[in-house]
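The block underneath contains the structure these notes are about, expressed in structure tokens.
A, B, C and D are the chain letters, set down in written order, and residue numbers restart from 1 in every chain.
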Amino acid sequence: MADLSLAVAGEARIDWADAQMPVLAQVRARFARERPLEGLRVAACLHVTAETGNLVRTLRAGGAAIWLCAANPLSTQDEVAAALVVADGIAVHARRRVDRATYTAHQATVAAAGGAGPHLTMDDGGDLLALLHQPQGGAPVDGDGDGPDPGARPPRAPELIGGTEETSAGALRLRAMAARGELTVPVLAVHEADTHRVVENRHGTGQSALDGILRATNVLLAGRRLVVIGYGSCGRGVAARARGMGAAVIVCEVDPIKALEAKLEGFEVAPALEAAERGDVFVTVTGNRDVLTREHFERMRDGAILANAGHFDVEISLGDLAAAAEGPAVEVRPLVERYVVGGNRLHLLAGGRVVNLAAAEGYPASVMDLSFTNQALAVEALVREPGRFAPGVHRVPHEMDAEMARLKLASLGIGIDRLSDAQAAYGRAWA
Amino acid sequence: MADLSLAVAGEARIDWADAQMPVLAQVRARFARERPLEGLRVAACLHVTAETGNLVRTLRAGGAAIWLCAANPLSTQDEVAAALVVADGIAVHARRRVDRATYTAHQATVAAAGGAGPHLTMDDGGDLLALLHQPQGGAPVDGDGDGPDPGARPPRAPELIGGTEETSAGALRLRAMAARGELTVPVLAVHEADTHRVVENRHGTGQSALDGILRATNVLLAGRRLVVIGYGSCGRGVAARARGMGAAVIVCEVDPIKALEAKLEGFEVAPALEAAERGDVFVTVTGNRDVLTREHFERMRDGAILANAGHFDVEISLGDLAAAAEGPAVEVRPLVERYVVGGNRLHLLAGGRVVNLAAAEGYPASVMDLSFTNQALAVEALVREPGRFAPGVHRVPHEMDAEMARLKLASLGIGIDRLSDAQAAYGRAWA
Amino acid sequence: MADLSLAVAGEARIDWADAQMPVLAQVRARFARERPLEGLRVAACLHVTAETGNLVRTLRAGGAAIWLCAANPLSTQDEVAAALVVADGIAVHARRRVDRATYTAHQATVAAAGGAGPHLTMDDGGDLLALLHQPQGGAPVDGDGDGPDPGARPPRAPELIGGTEETSAGALRLRAMAARGELTVPVLAVHEADTHRVVENRHGTGQSALDGILRATNVLLAGRRLVVIGYGSCGRGVAARARGMGAAVIVCEVDPIKALEAKLEGFEVAPALEAAERGDVFVTVTGNRDVLTREHFERMRDGAILANAGHFDVEISLGDLAAAAEGPAVEVRPLVERYVVGGNRLHLLAGGRVVNLAAAEGYPASVMDLSFTNQALAVEALVREPGRFAPGVHRVPHEMDAEMARLKLASLGIGIDRLSDAQAAYGRAWA
Amino acid sequence: MADLSLAVAGEARIDWADAQMPVLAQVRARFARERPLEGLRVAACLHVTAETGNLVRTLRAGGAAIWLCAANPLSTQDEVAAALVVADGIAVHARRRVDRATYTAHQATVAAAGGAGPHLTMDDGGDLLALLHQPQGGAPVDGDGDGPDPGARPPRAPELIGGTEETSAGALRLRAMAARGELTVPVLAVHEADTHRVVENRHGTGQSALDGILRATNVLLAGRRLVVIGYGSCGRGVAARARGMGAAVIVCEVDPIKALEAKLEGFEVAPALEAAERGDVFVTVTGNRDVLTREHFERMRDGAILANAGHFDVEISLGDLAAAAEGPAVEVRPLVERYVVGGNRLHLLAGGRVVNLAAAEGYPASVMDLSFTNQALAVEALVREPGRFAPGVHRVPHEMDAEMARLKLASLGIGIDRLSDAQAAYGRAWA
């Protein structure tokens, strides 16, 4: 485990994050009063950061006993781990940059939750649930081959109630397990909440993508042509902010309805090959692959900057870029590599990896505030309404989503109106 | 019918609208080549305006014979009616401000379509289809009481293929007919297209609501507090533009997720009673009733302006306003009435009727361009794919919606990219 | 004079304007307490509108006797004139659409101010001061040919203290008089105040120019390319609002520093000939002539709309337009004329006259609020500080300008900070 | 001097900056053709960065011999210094973090310019000119005590033609020298150009202040209340961008006209004490002192963030903050210190130093592009027009300013119109 002398520094970081996470703080206060998780064991495999520290403290305030390991060996903040051990007595099994074997051992320890197995899991990639559902000895979960028996529990966690999942990739993996009849408990996919889409994609990604570009390059956006490729909710966030910073924005989009929306919001809309000839800064945010390829690079102007804000590093074709370039790439600033294509200098940021994370810090704590409140409320819902969710992966229920938006507004000091009965009836008549 | 000497003036107006309706013009050119409506009779009950003139000419280019009457006795532009008669030989049965009997007679004439009944109808409120489905003599449409027989046709239009409907209210009426088993043909509800929502609500309503307010009052928006009540697609259009004109915008909304969206887009969010104390201009656009009532009026400041941009005049409670006011309302400018409440002057615009239409001109021609292209494409789809749509009211199919967005972009000189096969496959894997 | 039965309607209009003019209302309240104009005769030649009605009432509250005539025979609101006569006993010599002789006679009557001549004049074009300085009989103003004698007064107004002037054109005329040694009194040019530039040009013109375009055409701005020619304070107001309405804006400007400002604020910048090929709506606001000429018209696209927001109708070359067009212009809507140039339809608004006034209503009352407060404070300054201003035309003093901004903020419920003594000293050290 | 093995890395950084500095590149190309500085010695005391590297190369292309030292011992980029020595043979006397004695010795060496003294100086704080004007031995510059003799030259630089100055502080110091009759040559103050104000203050400071805040905190701006104190050109840049990022902006300003401008542009305006109660993020940018003091801190809410974007660290009163706080400050993130005032956590960024530089990288290279082009053109003007500028500190002439804007536009591929002779004459008639 981490060096416990770091606990003071960790406490300061957790406190800073707490100041940005007022929604979770409201839930924590209620949990402390109501103790909905009293006596339950929670196994959590998450990024061990200051924000997660506040989530873990919320669950603990609700009465849970917690085992925590890392969802990625690089993201652990050792001082936060130390603070959670020292101040909260939480079993944190994580240390930055541990080797693969140690990392795996940490997951196994946390999955065991002290031996009896967890009542609840929290995943960021599906690792814990996958581990718990692995066959143990000769006892298959599915006794008759036609899917999990009603009431079956994974052998390693006989009291398991359910779990939460933070990522798209994890949800995809768990849905595949469910399709194969292997998932025995309900899982709430918190990233599929509407509030998540609104807050995280549009605002979290929108801001942090530009932040990453500025940190990597320090270019002035005012007066530049910034090309946003992909006008989904992330792309809209990037485009609106780039305009707000003084850039002239060109949107590229394959869906004609989204393209029309962009046009009517005042953006220029063009095919990517045409935009390639005119842009100064390019941001891919499509969720697809090979969005910028050799034919684009060959049309770009001297000085062009290429950034990817999509999840995977496949949007800018790195193979094409290397093939089109004269000579090897040269690092001209940290995270900025220059490729010369047809005599023009093209500058690739962060090796084409997601620029929000690779060149900035990813989502702000106030964005994580909603995601982690979602986690806490999801865990509570699984416990309070045991029969409500069947085994499988579920979206967060709408009323939980609405409640979270309400809590977020309350944290900003904002109340809103409610429909009167007469208005509700009128609305239904016209729905 | 109209005074035919007005035809020259009508031609000029139609031409002006045509210059704003390039999407429909593209369809008209194609229809002239392909003649998809050759030999078909179309009965249309629409607002007889310059924009409708261009729609009617498009159908005629496609080979249809057309009978046209008015959806409202007040909206008819007599010079347009004259031009359609003179230049196109279309049977226009409409004149501005005709009495009720004449208006009804016009509808009956058009519904007859020369005696044989129409192949297709175009409605703006459902009048023609309702008329055609009325029992005629002893022959009920529904022979066995369990809904329309397969292949049944309304007695007054034995060759009827289907129809289109332009409004929400019409679609509601036709769905009620369908629920009672009375509707024998498919109807495409063109206002339910995504392009419609994007273009008409957000941009059409957004602009014309502010336009109506400015025409009625000539107030400077810069530096004013404008309160938008309702943050649906119409409200977003109003709020974004008001900000763009320099107003400080307060959004009131009952849905917490929409309220949070407004807040994250930088708007102030408040309950309506609180906004009542601080606003200078109020715009209701909720689609609900009694949105502003006595308790709001009593909190408002001297000089406040009240406008409704929702469809019906029930959003601002006129009864409450009259009851709260000292003395009768006084017209201080055309379409502006002053009520004095608690010593403060409140100014009601257009009697609380939808300010876009009552004080301005409603949707711009370029908005109607999409609606009417939708009409033309819907009629074509009904004809080209006879078995595709069952009796009942249908949304416009997505591919027609996308095609329309594509045509609109093309009219703006904009092409967009298409996914490669590899990209489409990649997208499906992650969907 | 006007029909006095209109007084009730006039009272309503004045009251409406009063609700938009809170700054002037503050001054009126103070004038009523302090009576700074007690016993003085004021001759005013202004547009006789509801806003002017509130100005006149302010002067009267300050103790002045007022004679009022019209600065233009077309702008008089007869109901306002009636109300001022009936309610205030003011000598109003104005009626809408009077003939030239009557109009001139009205001015002469007002200039006489009951026979003794005015103490103060208020001009909107310099007419009254010009009239009062005309030689009368054999008594020249300038006794020795080297400019007005100290203490000289124009023969027709022997007690004249000074005047105010509302327009650029009037100030130019009066400065020419001063240069010829003919002006015997100080004149404060109220339109040269900083608050005037900020409020009237940027916001007053900015909003009303777009308002005029929308009233004349009802075009949807979202998604259109709007070309603003001239990026002075008026042009900035137009450009910012057009963007706020969803238009893509192209700025044309001859001053490279202003052009660079536009570019860095995210606008596209291009020469007018290039913009001519791409624009949908053109707005000239340069203050210069022949801004759009034949070579521009010949490059424009079908459907283009041409509006002028500059003071004079010389910015769009009407001669070139007529010469380039095939056939005569056709009115396709009120205030919209179609010219066909090279097969493309170009639409000229309001005959190229200033679109704010010709198609909308010019400045909002809240803009006139500042101009007219300026008038009232200027008159007061002339009276309270008799020796302060020498004969000639003067800008409004800065402290009056600042006071007006402060009053305007106060009317909006806004107080601001003041520098502490230490801060003021620090600021001076660095100035 | 620097470690020459760093030259390759320095070359890469200079090349990266060059890609952002197209205006200077145009001047460099012209200088290479025209050689306006042939045979002249230039002594430059500037921040030794990649941008300065491109300036120095421009002067060298013009024919100058250059001696370069650092304006600050901390800002030197050693790899850039190495590249300038290796590739250009420039005499660079600078190394990062040298001690005071070495730093001073470097300045003396550069001021000597090889022994004969420079023809031209370039200063960033006035050090070189101050050094050169120090009396040397018994020979005063001012022979007769009434100011510099015509044609006098400082004893240490007998051939000195003039100099340039980059900063306000330097210009103030040199003007004080001039007022004491000690400055013998003309100095062009390049930061006083209009282009500088537009580009550097509004856009350079506007962007980099927010960039600094985001790097220090990673807070989400959307939905936050950001308070901008000071609405000069820097404050406008901050306010516009914060709004563009989704923040609700409150402006505090002591000048009522600027406050009114802010209000009419849609910002909320409030006194600082009132804003203190409501803000989430505070940015001071007044150029004054004690802008935020104890009474403000005591009203702030939990979680508030305090940043200064003004030049000096006196805007946020650090003494008051320490005095008001319970216990010592705690660093909760790098550059973020938490003070607890009345139970609320306030977070001070970068110790109250200018956040653009302390937490981000200061002006983008494209901003320095204009400043340094100004430097190059100013040096050229001093040489080409020897008698034009008298001894003393001068603003950059307007035509140079305009030329720079024109070059900047050209670098963006933008040409603009010029007035015709007739238009110029018309404009003069109305000026």
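Operating definition for what follows: a contact is a pair of C-beta atoms (placed from the backbone, for glycine too) under 8 Å apart; a residue touches a chain by one contact, two chains touch by 3 or more.
Computed from a prediction, not measured in an experiment: that's the story for all the values here.
Participant: Please find the path from subunit A to subunit C through touching chains that uses the fewest steps, and give that number.
Facilitator: 1
Participant: Return the chains shared as contacts by subunit B and subunit C, ordered by label.
Facilitator: Touches both subunit B and subunit C: A, D.
Participant: Based on mean C-alpha positions, I'd like to know which chain lies farthest from subunit D.
Facilitator: B
Participant: Would you say B-D or A-D is joined by more C-beta pairs in contact?
Facilitator: So, comparing the two chain pairs, more contacts are at A-D.
Participant: Which whole number of Å gives the spacing of the CA centres of subunit A and subunit D?
Facilitator: 40
Participant: Hey, how far is the Cα centre of subunit B from the one of subunit D, in Å?
Facilitator: Spacing between the chain centres: roughly 56 Å.
Participant: Going through subunit D residue by residue, note those that touch at least 2 other chains and give them in order.
Facilitator: 203, 222-223, 243, 246, 263-264, 412
Participant: What residues of subunit D sit close enough to touch subunit A in their complex?
Facilitator: Residues in contact with subunit A: 12-13, 15-16, 19-20, 22, 203-204, 206-208, 211, 214-215, 218-223, 240-241, 243-246, 302-303, 330-333, 336, 338, 345, 347, 360-361, 364-367, 412.
Participant: Along subunit D, where are the residues that touch subunit B in the complex?
Facilitator: 222-223, 243, 246-248, 263-268
Participant: Show which residues of subunit B lie in contact with subunit A when the two form their complex.
Facilitator: That would be residues 168, 172, 194-195, 198-199, 202-203, 252-257, 259-261, 263-264, 269-273, 287-290, 401-403, 405-406, 408-409, 412, 414-420, 422-423, 426-427, 430 of subunit B.
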